[in-house]
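As written, the chain order gives the labels A, B, C and D, with residue 1 at the start of each chain.
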Amino acid sequence: MSRDNWNRWGAEDERGALNHIDAAAVKRAAELVVSGRVVSLAQPLSARTPFPPHRAGMQHFMGRSGGDYAAGARRPGGFQFAEDTLLMPAHFGTHIDALCHAWYDDQLYNGFPGAGTRGTTGAARCGIETMGPIATRGVLLDIVAVRGGPLADGAAIGVADLERAAKAAGGEPGKGDAVLIRTGMAERGIVSFETEPGLDLAAALWLAEREVAVVGADNFAVEVLPFAAGSVFPVHQRLIRDFGIPLLEGLVLQPLAEAGRGTFLFAASPLPVAGGTGSPISPMAIL
Amino acid sequence: MSRDNWNRWGAEDERGALNHIDAAAVKRAAELVVSGRVVSLAQPLSARTPFPPHRAGMQHFMGRSGGDYAAGARRPGGFQFAEDTLLMPAHFGTHIDALCHAWYDDQLYNGFPGAGTRGTTGAARCGIETMGPIATRGVLLDIVAVRGGPLADGAAIGVADLERAAKAAGGEPGKGDAVLIRTGMAERGIVSFETEPGLDLAAALWLAEREVAVVGADNFAVEVLPFAAGSVFPVHQRLIRDFGIPLLEGLVLQPLAEAGRGTFLFAASPLPVAGGTGSPISPMAIL
Amino acid sequence: MSRDNWNRWGAEDERGALNHIDAAAVKRAAELVVSGRVVSLAQPLSARTPFPPHRAGMQHFMGRSGGDYAAGARRPGGFQFAEDTLLMPAHFGTHIDALCHAWYDDQLYNGFPGAGTRGTTGAARCGIETMGPIATRGVLLDIVAVRGGPLADGAAIGVADLERAAKAAGGEPGKGDAVLIRTGMAERGIVSFETEPGLDLAAALWLAEREVAVVGADNFAVEVLPFAAGSVFPVHQRLIRDFGIPLLEGLVLQPLAEAGRGTFLFAASPLPVAGGTGSPISPMAIL
Amino acid sequence: MSRDNWNRWGAEDERGALNHIDAAAVKRAAELVVSGRVVSLAQPLSARTPFPPHRAGMQHFMGRSGGDYAAGARRPGGFQFAEDTLLMPAHFGTHIDALCHAWYDDQLYNGFPGAGTRGTTGAARCGIETMGPIATRGVLLDIVAVRGGPLADGAAIGVADLERAAKAAGGEPGKGDAVLIRTGMAERGIVSFETEPGLDLAAALWLAEREVAVVGADNFAVEVLPFAAGSVFPVHQRLIRDFGIPLLEGLVLQPLAEAGRGTFLFAASPLPVAGGTGSPISPMAIL
């Protein structure tokens, strides 16, 4: 049982590696803004957004719409409006995993009991509402550029890949960074949620040891699928539960890569759903 | 029929006043980061989050949870996880209105037909997915400070209030700004969605004429309720439809006010729901 | 620990007292049809249907509607249509409780483990899909008639009430019957889910011992609220878990009472939701 | 424009051909009960229930479950319970179409305006809540038996098929009947919602002219797919809109066919959703 960052920020801490982002880190990240260009890193959300088979897709229910007025609805004071309702898994499209999302040995990050997350109440500890907004230095590790093209399904990204990509980025991943891994999977079109390119465990641990705050990727699970023999979501187990590092999944990274900037101000903010295990999110890079 | 900003950015434009935010404005906003402190401006989301009677509340459905493992669920490879599904109105908690949300005379911002927003398809034009991430200068207009306490229900905020608050903020609202109006309503507890303190129409137009990009408040509708006689949501009608200014509602502004900063880097990013009329949002101020 | 009907129909039985309804009972019930009049016993379902505070209300989402065509939607081959989506608690409006709905000492009816009902899978045993359609003799026990008016909140219905009402109905409740208890609560308007007229435990056991198949009422919980001191839902505990008798709640019984028939063919059929704990239902009396 | 049954039961009628079922018909149907055996005609409902691509599947959200207690939830007074929430299209699994579901030329059955069905309000006329419970004679027309096996996709069932099947059933379809057509599609497994065996228009009109009350089948649309050239859902258009005959779709008919009874008491009752366009339903045949 590993407990790498447990108790590092106190027995009650629920924010894990986000604690690596201090005010000075935010300020340094803001100084990276050179051009003022803003790049979205989020997938569009609709019934066509891909999702794994054990989840359901998004449903977008319109309530009042222009159709109501065309059909004769009143418009008091001239006012017309349209409204809608959203149904989606918390882990849908571009999203972030709360620290209560994955664990092992019945203990979450920092030793909180897994049994504290229940059907009626959601997560008692490490829910997405404890995460808060994230602003820090972003580092794009463009493995597509390093490898010369989008990675194949099942291709493992190792430490050497990260090191080469970091050199190209002009920024070693370090304390408090949001590290974004481009595998090219999203650009190829997602074919399967059972096999995908992604981090191997050693690469993930290399990032954790560098004290990064968040690890994201343009794939479904950050880590390579299928897993190494005998393991199930080993990167989730180690990064989320042992190091307290939230994972960002389903990023759109091609436009950022094309912008030619390896480091930038990264800003993202989950919906603070009480007891939630994650949140759809719409991150931005400010260049 | 007013069409203040129609065609200003071309016949196909769907972003309205967000076009006032150019790269230079973003860069200037990033330069406002002094301390690196990050303040969340979002309400927690749960079944207790207030909502108006014509909408429904949030439902948070847990799927797999710690309860499943306690009850004997398998944990292949040791892996345990929890997941959930979110159901909520797009206009819930802290949220932003897309430009397709409100209109009159059957035409949206820039003349797009209201009938293009339909039950089956959502908004054909000016949907929330066209908005993109927002990073710009934020200006807090703290009317609570100006008036000496939270405003009463029905209290109209006029141009003079804004001018006084702007002076206190140390920043005249101007081109491309995200202007955040603190009424104190949220701090009092929301009692009613039929009466609240908020902008009067003249104050709203004063902001629009200064070419701000976004107007937000810590109340339900930005504008004062009840409306002036004979009008229904006049600020929505004019700002959203005529000027193309999105409204940010349900902000939490007390912590920002207490931080003592009138201008800052504001960052917020809606979920890009295809054809959606708005989005729950979790904005931040970077001080 | 009581296990009144456990193993009565075998160790694998999931239908409980519904086993009391044999083909001969159905045939005898059909012979009660005299006039051929059909009376609905179901509440209308809408956002206005009352529900207890720990549940959420119904949401009825229209998809395609006449509004779409008014707004210009195509009608290939002339065809026009409207569709909708329903969201509701399984225990909403007029509904029936599956035998997995309530239990104690970690064991359901017939000794199945309570831990077999989980967030990811629903009920492994005694789910609503095991219930099947119900056709049997219905017996209306009109306590409103016996008492001379709708019962007050908190009024307990005892064995003597049932006996008097049975005499008036012209039919002693017996083996395989669906017994419907009219308290008058629905007619008064539901004021509270914390206090209501309903069966006391002795009356419930009196019915169970007569081997009835189903017990229903026009209130929220069949049983009287508040509970007798020291007990919580004692009638649910004993009838559902020990006797395997499903409860029918939220019935509309005034029209049936006014029809003047104490016994009739009762027909109702839950939606066979795999692993569900209950179902909204729309029962009928055929007179 | 055909208006076959319009005004037949008055200008305000919303029940259409269900008016053919009078009390005498119900009484005669009850007399068909010989053995007392009850056969369910409903599909199980789960995430695996097939649905056409323009709809979404069912979602079954557990709230409190046995997992909560295993994880330590309190059980006041010993009481334990499980609850859930259902989300599904109204036209899902075995279901019935309300008369507001399909129309043409902007008019529903009996001339009500199609524009009366709107996103905010649902159907103003002919909603599923106006249908009420259905008890009448059921007639099984077993085309599988007539043809010697399940029909192929695209196979049209004509008048001659119905006549042969009626002879085998020992009951000519007539006034007020619920006619159930067995194509064998469900037994083959549903492969496509674009091609299926079903009624041709002449066969549908043959039933309508015999004044049946309801037409059902074990396929997706009652009628044959693909449609005859130049038409779209012609049977829906004529039966629902012109004759006011509701359609029952997704029936399970093999067990009924194996029971060897051509006529029986049919009972089914939609959920009375205010303004709904249909309802999942769980019909029974009482033999």
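Convention: a residue touches a chain if its C-beta (ideal position, glycine included) is under 8 Å from a C-beta of that chain, and two chains touch if they have at least 3 such contacts.
Everything quoted here is computed from the prediction, not taken from an experiment.
K.L.:
Does B-D or A-D have the larger number of C-beta pairs in contact?
P.N.:
Looking at contacts between chains, A-D has the larger number.
K.L.:
Taking shared residue numbers divided by all residue numbers at the interface, is the value for chain C and chain D over half (same) or under half (different)?
P.N.:
Looking at both copies, the contact residues mostly coincide.
K.L.:
Rounded to the nearest 5 degrees, what angle rotates chain B onto chain C on CA?
P.N.:
180
K.L.:
So what's the Cα centroid distance for chain A and chain D, whole Å?
P.N.:
45
K.L.:
Please compute the C-alpha centroid of chain C, do the same for chain D, then give the distance between them in whole Å.
P.N.:
For chain C versus chain D, the centre distance works out to 24 Å.
K.L.:
Counting only residues that touch at least two other chains, what does the list for chain C look like?
P.N.:
Touching at least two other chains: 56, 59, 62-63, 65-68, 70-72, 85, 87, 115-116, 118-120.
K.L.:
What topology does the chain touch graph have (line, ring, star, complete, other)?
P.N.:
Here the contact pattern is complete, since every chain touches every other one.
K.L.:
Within the complex, which stretch of chain B touches chain A?
P.N.:
Residue list for chain B touching chain A: 22-28, 30-31, 33-38, 40, 42-46, 55-56, 58, 60, 62, 65-67, 69-70, 75-91, 93, 100-106, 113-120, 122-123, 129, 132-135, 227, 230-234, 236-237, 265, 267-278, 280-284, 286.
K.L.:
In the complex of these two chains, what residues of chain C are touching chain A?
P.N.:
The touching residues are 59, 61-63, 65-68, 70-72, 85, 119.
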